[in-house]
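Following: one structure in structure tokens, then a few remarks.
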Amino acid sequence: MTLEDRSARPRIATPRSTEEVSELDKRIIEHLQTDGRRPFTQIAADLGVSEAAVRARTNRLIERGILQVVGVTDPLKLGFQQMAMIAIRCESDQLVTVAEQIAEMPEVDYVVITAGSYDLLIETVCEDNEALLRFLTERLRAIAGVRETETFVYLRMVKQTYQWGTR
Amino acid sequence: MTLEDRSARPRIATPRSTEEVSELDKRIIEHLQTDGRRPFTQIAADLGVSEAAVRARTNRLIERGILQVVGVTDPLKLGFQQMAMIAIRCESDQLVTVAEQIAEMPEVDYVVITAGSYDLLIETVCEDNEALLRFLTERLRAIAGVRETETFVYLRMVKQTYQWGTR
Amino acid sequence: MTLEDRSARPRIATPRSTEEVSELDKRIIEHLQTDGRRPFTQIAADLGVSEAAVRARTNRLIERGILQVVGVTDPLKLGFQQMAMIAIRCESDQLVTVAEQIAEMPEVDYVVITAGSYDLLIETVCEDNEALLRFLTERLRAIAGVRETETFVYLRMVKQTYQWGTR
Amino acid sequence: MTLEDRSARPRIATPRSTEEVSELDKRIIEHLQTDGRRPFTQIAADLGVSEAAVRARTNRLIERGILQVVGVTDPLKLGFQQMAMIAIRCESDQLVTVAEQIAEMPEVDYVVITAGSYDLLIETVCEDNEALLRFLTERLRAIAGVRETETFVYLRMVKQTYQWGTR
Amino acid sequence: MTLEDRSARPRIATPRSTEEVSELDKRIIEHLQTDGRRPFTQIAADLGVSEAAVRARTNRLIERGILQVVGVTDPLKLGFQQMAMIAIRCESDQLVTVAEQIAEMPEVDYVVITAGSYDLLIETVCEDNEALLRFLTERLRAIAGVRETETFVYLRMVKQTYQWGTR
Amino acid sequence: MTLEDRSARPRIATPRSTEEVSELDKRIIEHLQTDGRRPFTQIAADLGVSEAAVRARTNRLIERGILQVVGVTDPLKLGFQQMAMIAIRCESDQLVTVAEQIAEMPEVDYVVITAGSYDLLIETVCEDNEALLRFLTERLRAIAGVRETETFVYLRMVKQTYQWGTR
Amino acid sequence: MTLEDRSARPRIATPRSTEEVSELDKRIIEHLQTDGRRPFTQIAADLGVSEAAVRARTNRLIERGILQVVGVTDPLKLGFQQMAMIAIRCESDQLVTVAEQIAEMPEVDYVVITAGSYDLLIETVCEDNEALLRFLTERLRAIAGVRETETFVYLRMVKQTYQWGTR
Amino acid sequence: MTLEDRSARPRIATPRSTEEVSELDKRIIEHLQTDGRRPFTQIAADLGVSEAAVRARTNRLIERGILQVVGVTDPLKLGFQQMAMIAIRCESDQLVTVAEQIAEMPEVDYVVITAGSYDLLIETVCEDNEALLRFLTERLRAIAGVRETETFVYLRMVKQTYQWGTR
């Protein structure tokens, strides 16, 4: 699979996964949360299983959409000048549909449905103000069912980590 | 370095990095954004440089705090039942100090300073309602300078991706 | 009548009851507010009337929808992980109709029409986040006339009592 | 125990009960949720246990603060003209303390700590506007740590039920 | 003209009156602002004009809708238990039309168009909560163009005076 | 008593009047609500009592602060260019004190304590923007206990009437 | 070209100008930001270029819509009694269209599209309250796509300057 | 006077100017509103007065702070990437003091005191997000008396004109 192929496939969480995550899976995940490139041999030694088992389980977790091993950067440092959280209120009966349409957009890297005074929180990464404005007007607010948006422009990213472990 | 050592070191972005990110750095980052475990040999072949160069630059990007290669999961699927974005208004003159204190907390994986009707947006991952309440009352709101919090409990995570590329 | 039959019959208050509640009725109610299982003989002795009178009046109050004698629990302790108050704004001309449709739903145990910045406050008891989300999107917001909802997830129930007496 | 003794003891939920509620307990609770005065003999027959067992377990559930069997009425029909939900924002570091002080007040029958744009929701039952005003100004807002209150006066109670079952 | 005739004719301000109010008119108005029943002979003596002139000008001011001499009371003391200010947001293009329709309603004694976060503020005087609810749902919100209402129930009227003088 | 004397005495409602208003009082009030200058002889004839009785009762109602007979005008037509409703949030424990201090100010003609998202609504009549600003900054917000004000400038007064009758 | 011709041509910014502004252009602009009437000969001497060059470049900047040299006044001092910022929320998909229609209106001197809790901020200069109301109702809110407006009446203009320099 | 001298002198409006602006002054202003560089000889010819009179009156208007003739640009086109309106709520008794301190800051080009849900609206012109953040935290919110700020980042400036004429 090429780089482009994978880029085009956004990872969208399947709701209500009933699949089990085993204790071994969780131990592997914890290793990768700390260092995504830790060699499988090293993880295998640490957990007392074979390298093949670690590799197979890791691949299976990725295929099931439970894990992704990725390079994460601060977009504000790589030429993206405007990054924003956008809070959305939807027409009453279209919340999930709207969330799924937004999740299809490559400009959006994060979509959650929330309780509280907004229906959705999404994050977008843009080159500059004009790109953000075009995203807002030509893309996001063109979706039927988006009723109101409030944009929180990021002034500084202070922390971004992924080491929450498992339970 | 042990797993525990690294876990204890939250990655906090340094404001206003003046260091340059080269074009080659950016190409490497793009590969890792798509697949954090892509072998360096493969990246090297694709970019027409040596495997040692890719390895060295990747390590340098990680050391400089520009890149992290990590396993990312949906916490709601790994035994954490309550995940929330918390919007914060600070006492006028304490915004940056408050943000930095919150960034030190292991329960918090994301801290941004925003323009708009809130000062800060932070994300927390908790086991259940009681854990979220204790975090809110015993930890977050115990920080001097936190004036008001509004909690957005996540009902479903719909998308979480990191492939925004570079500019 | 079976348990199931009664469960299926939500108690909906009739607006503007013109029926009188006598002083004796009120004394009986006060006893039952304190202890719903107090024996009628004991109440009768205390109030100086016959046990048959207490029983008849109690039954009549229940039939008239003025009193219910019930076991009340904290849902958060009985396996329901998400309980929430939901504040609702309705389309201008549909407030009462919406309130009545919501009152028909078994997931909802409390519906009041309020003055202030919301039109309705309702309480719902759900097993978990996904159940709350499905209630919100597939049930509540599917009602025509529900314009906007704001969900207040309960983090802890601190007090729940019913001993307000009578006037 | 006299009526007055019990009235004076508000039922305040203990946070994080670790005590178990057995399956038999749950079946008894479900019976009492439907009809608080159902004879223990009838419940015992239905569940295939002795009447003494039902009585003992019911008493134990009440003593543990998990169950209350009570007469519940619509206050608006018993001479209380003003009933209100009051939403509260607290000083950041005093949320739980404030909640517990409010729970001690006999005018208040319901206190929950919530996620969202308010910290607490409480319900109060008053005779009229002046009583509500005095409660607000002389009692509630006299508590140190109450920063802001918003009052939602009830115009009509549409539904009030307690039959949510168990899980 | 009978009492009933006049009651039925609400006084609605004509927008942009271009008619002049003379200095003598203003002096008479100031007398009546202080005491609406002050005898015309006394006002005439004070201002050095004839009693007929005072009477004629007063009547003319009343006919022109610039002055009303009325008995004003605190409704909360005369059997009206619920009085409320209602803030209204209208559909964008219907503000004036909505204001005029509301002004025709006898339950409403005050209508102003305002700058700020609401479009209209109106005051209503009701017998009790049910009457207020019926006014809100069957009358006010039945008007096409009323989009959102927020009701401020009066807990106490502290001051009501009309002696602002003239300029 | 001179004009100036009376002007200086703002009418402040006494809370919780326990005095009775008789049926005859109410009939007289209704006459004066329609026309504040209706001759007592005419009212007396209509009600079948003596003119002296009407006069005495009217004076008594005025002395008791239950009734005022006054000339009411639209300030916007008499040279006052800025009239505003000001919504106020007070420090939690100072609501009534603040209300009473504001009621003492001659620039303020209306003060009510409200349930809802504000604590107080007051009305002020000013000559122009600068006068309104000076009132806000030098007078109103100089009162200790006033925490937040929101000003609704009147663009047009559409209705102002006082004929709500009695109950 | 006559005064009237130019007045009728509002200056509307072209989005995303790709034209370059040279360093010399910027130096000229900085002179004119300080004093719009500074003689070209003086600017030319200061910058070491010919007067013709300064004149030509200034005219070109004006033609390109990058610079305007204008007399700016405080409207509140020149007979305009009401000046206001109006915050607007638009129907989701009509933001840019609405902004452009508003920009065509001569009553409006300032239109910006903003991130945050409103979509647009516009400034208007009116003679009095009635003119402001007519602008709001007959002009602004008559535009399809304007959903909600909030008006901030100016009480005093404290600073208005244009000397921000260039970068 | 040098460029730097003038730059250092922000134009702060004096409140409540009682000075008169003559009809001739207004005609001159209208010419300069259209074209700030229109030659005085041309204005003089148009108005039928001497060139010296136009020059003297223009200078006098500038000295009195009623007029400024300036080059106005769209900062977003001259290298300033972040421009924002900031809405401010002040501690109750410090509104005017805060406004005046902000007006002293060179980063701020516009300060108005407003009626409505905010106390002040100010405009700032910044190079980028970090500069905006530093302005907010190190400058603006360091002023005692600034209680709350809400920042509206400009995504596009659509109109900016100064031709409102005179009355």
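Think of it as A, B, C, D, E, F, G and H in the order they're written, each chain with its own count starting at 1.
Rule of thumb we're sticking to: a residue touches a chain if its C-beta (ideal position, glycine included) is under 8 Å from a C-beta of that chain, and two chains touch if they have at least 3 such contacts.
Note that this is a predicted model, so its numbers are computed, not measured.
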**Request:** Give the chain pair, either C-D or A-C, that is connected by more C-beta contacts.
**Result:** C-D
**Fill in**
Rounded to the nearest Å, the gap between Cα centres of chain A and chain E is 58
**Prompt:** CA centre of chain C versus CA centre of chain F: separation in Å?
**Reply:** 41
**Asked** Of all residues in chain H, which are in touch with two or more distinct other chains?
**Response** 15, 113, 115-117, 130, 132-133, 136, 150-156
**Fill in**
Listed by label, touching pairs are A-B, A-C, A-D, A-G, A-H, B-C, B-D, B-G, B-H, C-D, C-E, C-F, D-E, D-F, E-F, E-G, E-H, F-G, F-H, G-H
**Complete:** Counting only contacts in the complex, chain G reaches chain F at residues 76, 81-82, 128-130, 132-133, 136, 151, 153-156
**Complete:** In the complex, chain E touches chain C at residues 84, 130, 132-133, 136-137, 141-143, 146-153
**Item:** Touching residues on chain F, where the partner in the complex is chain E
**Value:** 3, 6-7, 10-13, 15, 17, 21, 26, 29-37, 46, 66-75, 77-80, 85, 99-100, 102-103, 106, 108-118, 121, 125, 127, 150-164, 166-167
**Request:** Spell out the part of chain D that touches chain A in their complex, as residue ranges.
**Result:** 115-117
**Item:** For the chain D and chain B complex, residues of the former touching the latter
**Value:** 15-16, 89, 92-93, 95-96, 113, 115-117
